[in-house]
């Protein structure tokens, strides 16, 4: 299956890109995705070991299983207001 | 000496008047004034035994000594805001 | 710092505009409004009476104390007296500060102190024409003990 | 209830006017403003970036939760994104309720939750042209534990 990773703000600067499509085996979790993303490029290894993520625009835990077409956002510490 | 008593809101309705000039012996305190005022007319006996008072526009204790020309306001429970 | 007791309608936008600065990240505005009910009974209008000179002095003291909590002197408070209709603004408080915590603390302080210290009274008029002085709050410190 | 993420300047008077009713005795307005300083350094401008779709959804959730504290649905919150200058309004929150305690609690709740949950980021530009992402707040619950 394929999921789309999104990088915002400081993470986008770090990644050098705002999006990354990732191929994952069926049954993969958020945890698996984060590991794959961090290994996929040298600059992406600079992401925190456990960044906050949102799956399809909802904050998600690392055990959550992903599905084909999911949108997984890597959320840096927020600074709104 | 002579002091001026002021009655506001519910106390004015009770007193049937907004002001009352009172003659007091030298050295009289707020406590003395309140006693004299409460005795001075039947309707004024309806005032609380110890109403909050302000002397010359500052909240005052009952032991405070009064001086000729002082303005003593009888302050009902407040309801601003 | 701007403090006023007035019988004119309160211009909320002016009160708000009187605070703020380029150093401030937070502005807070509180307005008290004449409600159409009081303790379950429908209210048609109210009348605020003040011990005018003292009320101005007490309001200034409250503003001064709040300003210390605020950390700035960018604070405005206006209390209206006289005849008000439902929906009219009876009090407006505006504050600004670099960070929000101070604005919330100072704004709340002003309205809470007004409720217990300001020599102002409210006469509520009910449907049918009956009117009565709103049950107020006695000052916390006992006068016998010396306020 | 009115909730919006917008790149247009925030019309504070409209946000304020969207709350209030004849049953309400208290109206509270909070505005967040771009300060000219951040942690001791002079700031010239900021840029807010949002994960737009999610931010609107989270802001709606926050407003809903606050509305329960408020006891009314008379709540409006608007957050701006894009390029802002010093003095510009970044966020406006207006609430109204019969009594003031609920307004203070709900208004404070909205801004505190925005600060920890809303997927929005701020890039600060300093005198001399240097810019950096403002140090933000990591979400409190550990993602490993399942948010």
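For reference, chains read A, B, C and D in written order, and residue numbers begin at 1 within each chain.
By our rule, a residue touches a chain if its C-beta (ideal position, glycine included) is under 8 Å from a C-beta of that chain, and two chains touch if they have at least 3 such contacts.
Treat the numbers as computed from the prediction; the structure is a model and nothing was measured.
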item: Steps needed, at minimum, to go from chain B to chain C via contacts; value: 1
item: Separation of chain A from chain B, taking each centre as the mean of its C-alpha atoms, in whole Å; value: 74
item: Rounded Å distance between chain C and chain D, as computed from the means of their C-alpha atoms; value: 26
item: Inter-centroid spacing, chain C versus chain A (mean Cα positions, whole Å); value: 51
item: Where chain C touches two or more other chains at once, by residue number; value: 32, 111
item: Touching pairs - complete list by chain label; value: A-D, B-C, C-D
item: Residues of chain C touching chain B in the complex; value: 32, 48-51, 53-55, 57, 79, 90-91, 111, 114-123, 133-139, 142-147
item: Residue numbers on chain C that touch chain D, as the complex places them; value: 12-13, 16, 20, 22-37, 86-87, 96, 98, 100, 103-104, 108, 111
item: Residues on chain A engaged by chain D in the complex (per definition of touch); value: 6, 8-10, 13, 30, 50-54, 57-64, 73, 75-81
